[in-house]
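Structure first, commentary second.
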Amino acid sequence: MSATTAHLDSLRSAAAALGGRVGLSRNTDAERLDKARAVMLGELDGSHAAYLETCLHCGMCAEACHFYLGTNEAKYTPIWKVEPLKKVYQRELGPMRWLRRMLTRDITLAELEAWQPLVYDSCTECGRCDLMCPMGIQISPMIGIMRRALAAADLLPAELAGAVDEQKQQGSVLGAGRDQLLALARDSAAAGVPVPLDLPAADVVLLTSALDVKAFPDSLRATARILNKLKLHWTLLSHSIDLLGSGESLRELHVRRIVEEIVRRGAKTLLLPECGHAYPALRFDSAHMIGEPLPFVVYSIAEFVGQEIQDGRLKVNREPGGGSVTYHDPCKIGRHGGVFEEPRAAIRALGLELKEMESHGRTNYCCGGGGGQFLIARAAQLRQRAFEIKMREVDDTGAAKVLTACNSCRFNYQAGAAEANWHKPIESLVEHVAANLAD
Amino acid sequence: MSILEFARGPAFQVALVVFAFGVCWRLAGIFLMYRRFDRSQPRQHALIAGGVRAIVMRSLPPHELEKKIVFQHVSGYAWHLAYFASLLFFAPHIPFFKQFLGFGWPTLSNTVALLSGAVALAILLALLWRRASHAVLRQISTLDDYLSIVLSILPLLTGFMTYARILPLGLRYENMLGLHLLSICALLVWFPFGKLMHLFLAFPARFQAGVLLKRKGVEA
Amino acid sequence: MSTDARARLAAIAIVAETPPAPSVGADSGNVPLLLGEIRHALERLLATGAVHAIDLRAIPLGPGEEDRLLEALGTGELCATFDALGRSELQECRYPGVWRITHWNAADELIGRFIEVTFAPALLASNREDIRDGLERLSAELSG
Amino acid sequence: MDALNIGGTVGEQLRAQGVSRRGFMKFCATTASLMALSPALVPRIAEALAGAKRPSVIWLPFQECTGCTESLTRSHAPTLESLIFGAISLDYHETLQAAAGHDAEAARNRAMEANWGEYFLAVDGSIPLGNKGYSTIGGVSNVDLLKRVAQGAKAIVAIGTCASFGGLPKASPNPTGAVAVRDLIKDKPIINVSGCPPLPMAITGVLAQVLTFGQLPELDHLGRPKAFYGQTIHDRCYRRPFYERGQFAESFDDEGAKQGWCLYKLGCKGPVTYNACPTMKWNLGASFPIESGHGCIGCSEPDFWDWQGVYRPLSTTRWGGYQTLGAAAAVGVAAGAVAALAARRKQRPVGEDEA
């Protein structure tokens, strides 16, 4: 417990320190508004148009959202969170924009400011509402647009702005940079698990995340152990630790650099760590960002490990002691990525009894802190309301522990559990696999 | 010119032209807009099938989601079905459709058609009340929502009054029939500009979602 | 018309269709209602002596319904006719107290049909004025 | 016809013709029936009729087809003869009178003078305003004649849909500029006895009512006597139960038509037509159009001729046809395309983004 709270505290203070660095915007209000609008217009396309035109205001999306369900506050209705985007669409792009302009007012900076807590504090882009909508409206990607528009208007919450700033200035995220990663690799090699770093050529490239480096180094080590066991020609890239959703252009810049690095090494496979947010970006969005299909295949590590087990290339022993677990589907690789079966195959191979939560697979509830939300200090209470739903579902399974494949989820579980004084272990699926590798 | 003649003649002609023009305008404006082409490697293929499947499956949400929206779901189904049953299978309506299509079809008995109209009317009124009182719905509702419900209710209401000869304000049967037709004109004129367009947009939106989710390997 | 044209006319096949028996409920449903009304009127006649009349032209009746009603009422003992502005017939029905009164005009066209529930239709009785006229005529003849 | 011999009451006239009291009562009973009054009112009618003065009636035909007069002469109760010789004094009727030319005009003038302010004016046919020469009598245009004769009338009875509402001559595009009596005469009571033609009993019934009670009958929103026009054809139609049950003939020779089902889908205008056909019936009470298997065409209603066709059901509308709709749709698509293409210039195509 103390170890957990220690790394939590260190992350928290790092995040809090980041907030202090952010100064006032240097742009005028009009410029900020224009920038936000430019992001919206740039990202909105015909598919969003069809969604925004079809919304019936039925309010069912609220019933999917853990923030609404946890608070019963109407403003947390998912579609309401994209209201400014809808306005801009209707006034600028919609077929009836001439009429709309006569009848409605333009968005204001104050409006965008008012929406900051709605798109950052009370949304993790988990996408549960996307499944609920009877019209098929995909709300969470539009929240993404809202966020990038707000970022362009210098309206990122202080903690997130600080993190972006840090990455821009120092190349580290939450204090985790290349140096820390090198140290981690050295320690790992010393412990008998070599981590090949930045090799000039490899078949398989692995990325890691700041959270792994700072809080969950075991997850990285476990990954390395498995890759070594599979005797793959692999390397860990140290250049790009994290992909912060801090604005379209920066995100694209990152993606382009990563793709270049992988292509340069001739790798055919990209493995993403037990980290959520990189997955949809690299697996699905990147092809659009670089303008052509990726020349390699992208897997989440949990997905990869599950596949290797299913295909018989990776052998695992039944876990000593066994016991029951439940599996938390991380939104980014589950609902946003389609990885449901592979982690469960791994759990079955370990001989663990899988007790599913009522909402599992594509309808799984978010841990409550994804999408950078867990960094925002003022959103702590909100986060906890959402987490309580998760706790209830976990408790209802009667499982002894929770396994997951995302360290953001793990981090948030631990923080929430500490806050609620809840004693349910949340552990890494990959670590469990690595601990039970068969010869 | 009497109300009935005005409704059957110029009013309906104009309403239909506005309807056809507006619907095409809006649909073309949406579907000819620039669209990103997704170049990512799909996790699952048969994307079209995924889209079609979504059109069906979005009518049947999974259990965990469904149990939160039982009322909306059941009432939504009930009023749509009842509304269309009375619209399409009430015998005096058949000649109306036949004039466009050139063919008619069997009808429900008046009792059943009227009963289903009554069900639709009752649910719509309940939904109107709910929209005005439920916190979430109040938050997200616009004039469009209220106008669309009211304009959907009026043909039902005037239809009933016409059939049952409930004639307030000294109105006579032919006036009420005229008002019934005028309420349909109003519905047609409003149709392209508000949410009623989901008649045409719901399936394309679901299809899009289905294709997107199929690409990700998630059941829509 | 030439014989040829006649032949061609004759060649046109004419089929006389017998209309099918009307389906159940193919009428206004007023016959049983009228019979019910007549029953109540008879009860009232006995109890209070109140007379009741029904104008059959004011009642919507489908094809054949009037015949069915009259058939149901049947024919009773007494039938009186008179000729004034055309023929009239007062026919007692199968149910005493129910009278079928039919008026024709001078051209023998039906101009009215009534059902009266009464001990005797007022038209049967001789009228005072007519009696006075008759009396005058008789007196004149006797004195003449 | 002696225009000046209009003295005496109806009762006296009938007695003078040798009609017995029993005959008079019979006359009253059928008259009550005609006025759609309860048989219970016969004694009151008898009392009224016995003392009623015979009114003078002047009948002016304008743009008409004589169908209304034909209908009147088919009236079987009271007989036309009894009307003319007993109940009313028909002093001028272009079609029926024996006199012609100057004699006829003279008879009319005498009747007008003798009964100024007391006579009833019956009009059939509409009045053309487009060109006065379209219809004249003895060189006098219809409109002038109507105005002159109306001046001395106690009330006007507009007989037939043409006189009541303009009727067939007024049908679009109304080449003669036809109007109804009520469009020209505003200062006299007008009773509209509409129909094309009106029920003969409605014509005689109204005249009988006027004569019996010496006052105008209760009128509906279009100035028609409620006794005859108080309910729609549909209200009193014996086929209405089929409508309620949703049983409709789909064509004139299908099983439904043979079974006598409702003719709504075949264009019957019964629901919006106020008339007494279902009870009074035509041809000596033989039948009425619906009973004969044809829908009501709405002939007693204003502008019925322009109701988009006799066989188009009430629930149909003008809709312009697919060409109009197609054009509207095409313009819509064009407008949408312009909107979308203009929107594309604001959207960011692939690969193009800010530095």
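Every chain is named by a letter (A, B, C and D) in the order it is written, and numbering of its residues begins at 1.
Here is the rule we go by: a contact is a pair of C-beta atoms (placed from the backbone, for glycine too) under 8 Å apart; a residue touches a chain by one contact, two chains touch by 3 or more.
For clarity, every value in this text was computed on a predicted model and none was experimentally measured.
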_Chain closest to the assembly centre - both centres taken as Cα means_ = B
_Interface with more contacting C-beta pairs, comparing A-D to A-B_ = A-B
*Computed distance of Cα centres, subunit C from subunit A, in Å*: 94
*Distance-wise, how many Å sit between the C-alpha centres of subunit A and subunit D, to the nearest whole number?*
80
*Once you find the CA centre of subunit A and the CA centre of subunit B, what distance in Å lies between them?*
38
*Can you give the whole-Å distance between the Cα centres of subunit C and subunit D?*
29
*Please list all residues of subunit A that touch 2 or more other chains.*
45, 93-96, 288, 291
*For subunit D, which residues are shared contacts with two or more other chains?*
245, 335-336, 339-340, 343, 347, 350
*Are the chains arranged, by touching, as a line, ring, star, complete graph, or other?*
other
*Would you please name all pairs of chains that touch?*
A-B, A-D, B-D, C-D
*Spell out the residues on subunit B that touch subunit D in their complex, using ranges where they run on.*
1-2, 4-5, 7-10, 12-13, 16-18, 20-34, 36-37, 91-96, 98-100, 104, 107-110, 113, 172-174, 177, 181
*Quick one: which bits of subunit C touch subunit D in the complex? Just the residue numbers, please.*
17, 19-20, 22-23, 25-29, 53-55, 57-63, 65, 82, 84-86, 88, 101, 103, 105-107, 109-112, 114, 116, 122-123, 127, 129-130
*Using the touch rule from the top, collect the residues of subunit D that touch subunit B in their complex.*
221, 232, 243-246, 248, 250, 264-265, 271-272, 302-303, 306-308, 312-320, 324-326, 328-337, 339-341, 343-344, 347, 349-350
*Contacting residues of subunit D [partner subunit A, same complex]*: 335-336, 339-340, 343, 346-348, 350-351, 353-354
*Which residues, counting only subunit A, touch subunit D once they are in their complex?*
38, 41-45, 92-97, 248-249, 252, 288, 291
